[in-house]
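As structure tokens, the structure follows; a few thoughts come after it.
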């Protein structure tokens, strides 16, 4: 029924779309730089790459909620922080050789990362189940604000809870351990983070393409449609929210390991905003968007900070430029509008 | 000449929707725009009202070129739009819908209420809870309240009960008799054609025929309108 | 050559403290004409993880010998334990959390300012001297706040008219002031750093309550006094330094600071100045590449502190006199004047928990 | 604890709530009416306070400063509307969050570059200094009463503007369908600039008024901003009435909570822990209340649409 | 007598002072098209809303295949076999027509909590969706985003979505609205075709279609069902002429 000026797309589509090429390039650079830096003994850059990777995982988590389920959470710092505190508290008890809970059964601390990750994700999942069950009754801006409210509650709780340091936070004196590898080594730790990032992206992609993903995506686009098709939106969205929180929680646990420190600033609304910035900068709903977003943000923050004391002004201008002139984030700018088959 | 459109082309993103539409309306005339689904009738209307920016062609209204004019300025020259899908302001009451954009002139609240008494009954109800037909009446009235020189009706009788449809046709006939110029798109040719002074047929985004409605042959109706 | 990495707060809330520390530090280097010191300064924006990242950068990339500059306890806790454990020296020009003075003390960590509780303890001791019997005390509900009230109570012998923890960042104190009025207190001690203190003092002055107020120097330091204005006049506050301490080095510092930056120096500037001078004094005695030597030289604290006598205790925290200052107007400018000594040769309460000798 | 003290605390809560309302009013106007999440609203509050403090310092007149604060914020608002905000109306909330987050950074750093890092001096005018006796309260600061009155006046004017004037109708119409209201001949672009500047002016007013009570420093807008968001969400976005009720509710709950929770806890536990747990609880209280209200009424207490 | 597939008993609904549904009882039998007509604002959409579960009735009950579903959610009614279209299309606009239909197919096949298998390579799911789209006359348009389809085509997608649920009963709210003459005729023929399998409760202002399709017509005025009967009975009623049809009958 309509004509187009130019022939739409060449018939023999090249196998790799532009987005795929960008994705591969970004991941290759993210992997190659620390390998190179480590080879010349500059662990600082390796840690910087780990930081980007960890932020990217947090972003992948939030992106699943926003990009797939349309749940714009302004409280994901809660999960990031809970993941972090799980690590911090486990390490604290393991270091002090005290028990976390004595009654009704004894739970001691641990310094095994694998266990900590699982526990952190489970706790985040439970927290998200509770927060989501209440928050998902609301929508739009109300959802943004109620998630913020829950995060703020946890933030104030952490600040005034003396056992684990309150505002001063908790130091992790020794990085926790992984079986068979030396997690203290910057490069090894980076590789672990990188593999987890790949895992998070893979899981997120798989889920998005599944029947569950189809339902979740429809919940974002048109909830009425979803219900009319016979699928209750609420449990679908809640499940999506929980999965998203668990991924972000894992990132929090890694962040604590990287810094050797946890504190309430992991839970603050600025942190929620930053995770959201990673997602938007990279491009909402783009699988690898958060990687680009996190990399860009960390690099801007690090390098503008070196130039000038007024780096926040430049950072602000840079962010503003991206929103105004690169619709759909950096990925949108490079690879065009998102396509859903 | 009240409105003159020449060689109009328009795009949605990369996809071209209009490929050259010509259309002219004289003072006091009622012109029907005909065509099957998706042939570009609504797009032509949006282009006239500057809601879609034409990529080619000229639009002249009251001797003034509308090209590149912003939508509100074009409207103030005297375009009164009843859009496809009604688009009443859902969060405003009926009364507020009517008065928000009203401009001085012959059409007043009383006259509109006279035309559609149902609206008076519902004047403080918010528009999102009106029934479909009530919303349609509201949309027409809202356009009248701006006291336009040219009333543009896009599918103004869609989804209306037969009696109401009858009423609306009567109202349109009355408006025409009072000398209001009208550009109209509607499915029900049975009621439309007897009223119209001129008709234009769009086919795939192009105006392919223009003339008096009674000169429309059955063969053309079949070919262009699917009757 | 000695490479020093300074991580401090130069943007966002509380940046005046960081700026003063930096300026004081740079002034000392300039006055000493130290050409063999390379100072790198970066802004932590008051975020623990940024501070941590900067510390990594200074240690791993720039290979600095000494770190310094952190203002806030929570940032110090994020940076110091790991850095000192890895063998980097850390000289604190401000934050002195109790953990680092006690159980978690470390030979590579030196604090030239105070242990966090010091000024509060001094104020408690001052309250006894001023013969206050019923003091109302308040602080924000976070570790520094609870430590502050603990510190005050450690010395104070009178009875408490009330004890309140406020929300961190709170800026309306009408409700608290009403409680003070109703409590029948004969004095008020508060620890509300930054904007919280400004808001409290202004509102207190407007409230018509005329019970005398006292607090640590933080709410009356030169960087915020002008913002409080006349409402601060007459308030007693404790500080280990004052610009009117009579010594050659202090005069040189105050004059130099005014000339270089066009404003009066604050307590924080004096701490930055002392930190730099401490490092310079050690550099004269030892080479920084020999860690043990250099540490020993630092511990001797053989430098002229702007506050007068200064030495380190077993936990590398100062043993020092703490003064009582009063807010006054001098030539139309609001500032502090020393009116007495609150406590002499004071050492912090955590020193005994530190394993070091 | 006496009845008089409780009454005074209620008054304090009310007053605290109304200062919040001043901030929330402009926010809900822009947020509800134009559908824009403006995180930079706190920056406009800061601009108002800084302009007021600076002009007061230069001229010695608080009232000139107040006027300058309002105008300065309005001008800043109009400027960012035309340069930035205008491009965000038809974007989703995410883009708005990011862009206005960027504006916060720009404003904060810009203000620091102009005025330096030190807090500025701004005190209440002598005419409004001092206290007066109220029934049940022996001495209540006059300035706080003045703020109460100012907030109520703003509430009244805004309510009338939005719900009773044609300007208000057009603004609301634009919220649901900008394209359509423009097609009916309303210059929605200019209208929105005006509304945004109006919202900014109210933020500036509250910054100037409240700044004299608190501290005028970079970043002063952020804590208030979050509270103001809480207020308008509780009240129902876009509803001036909701913002008013919401802010009073928050003011009362926060004030009474932080005073009485420790008192109540002291019945159950020793003093020190009652104090710190009470403080912890009361800082979480308003968020707890917000979650509770939204769980029951997901669109706030007074939703403007429906 | 055959058992009705859908039965509504004594339904009441008020919006404030306005009584939008007044004691309405009606049923839908197998193999029939039951048309619901009435003036604008008579409460037809409100009635459909209550049957589908979007609006909670003040009193009365709704039975689907003999089971009381009055307190069930929208989704569960859909799963139990109630398909519907909306007066204004409600689809996921950003994705293709096929994706919209696939969702209904997937729901009809059971739980959506399947996390791993990719729908893209689920040929059966895609094929089924394609079949439904072909049935409503949208072959060749499956992979176009709904936002790029015309008004009329969207209506067809919506009907396909409803059919894909393999419903026991179909609620169609003005499916002809926005369709040109050709489209209306096609859709009429199609509904004719599925009538033997799926009974339809049809709201429509297009009287040509109603008179051609309906086995039974119920007239709703002011929230109440004032008359129910065959096409001829309704055409003949003076009351209906006056309240609704006007000159058109």
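Going by the order they are written in, the chains are A, B, C, D and E; count residues from 1 in each one.
Note that contacts are C-beta pairs under 8 Å (C-beta built on N, C-alpha and C of every residue); 3 or more make two chains touch, one makes a residue touch a chain.
All of these numbers come straight from a predicted model, not from anything done at the bench.
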Number of hops, subunit D to subunit E, where each hop joins two touching chains: 2
Each chain counted as touching subunit C and subunit E at once: A
Furthest chain, CA centroid comparison against subunit A: B
Reference subunit D; chain at largest CA-centroid distance: E
Subunit C-subunit D separation of Cα centroids, rounded to whole Å: 34
Geometric centre distance via CA averages, subunit E-subunit B, whole Å: 30
Intercentroid distance (Cα basis), subunit C paired with subunit A, Å: 37
Subunit B-subunit D separation of Cα centroids, rounded to whole Å: 44
Multi-partner residues of subunit A (each touching 2 or more other chains): 1, 156, 159-160, 162, 310, 312
Shared interface positions of subunit B, touching two or more other chains: 15, 38
For subunit D, residues that touch 2 or more chains besides their own: 108-109, 112, 276, 279-280, 283
In the complex, subunit B residues that touch subunit D: 49, 51, 70-73, 75-76, 79, 81, 83, 87, 89-92, 96-97, 99-101, 103, 126, 128, 142-143, 146
Subunit C to subunit A touching residues, read off their complex: 10-12, 42-43, 45, 47-50, 52-53, 56-57, 60-61, 73-74, 77-78, 81-82, 85, 97, 99, 104, 141-144, 146, 165, 167-168
Contacting residues of subunit B [partner subunit E, same complex]: 15, 36-38, 84-85, 118, 129-134, 136, 155, 158-166, 187, 225-227
Residue numbers on subunit E that touch subunit A, as the complex places them: 52, 73-76, 78-79, 84, 86, 90-96, 99-100, 102-104, 106-108, 112-120, 143, 145, 150, 161-162, 165
Partner subunit C, residues of subunit D touching it in the complex: 1-2, 5, 8-9, 12-13, 15-16, 19, 108-109, 112, 117-121, 123-124, 129-131, 139, 141, 143-144, 212-220, 223, 255, 258-259, 262, 271, 275-276, 278-280, 282-283
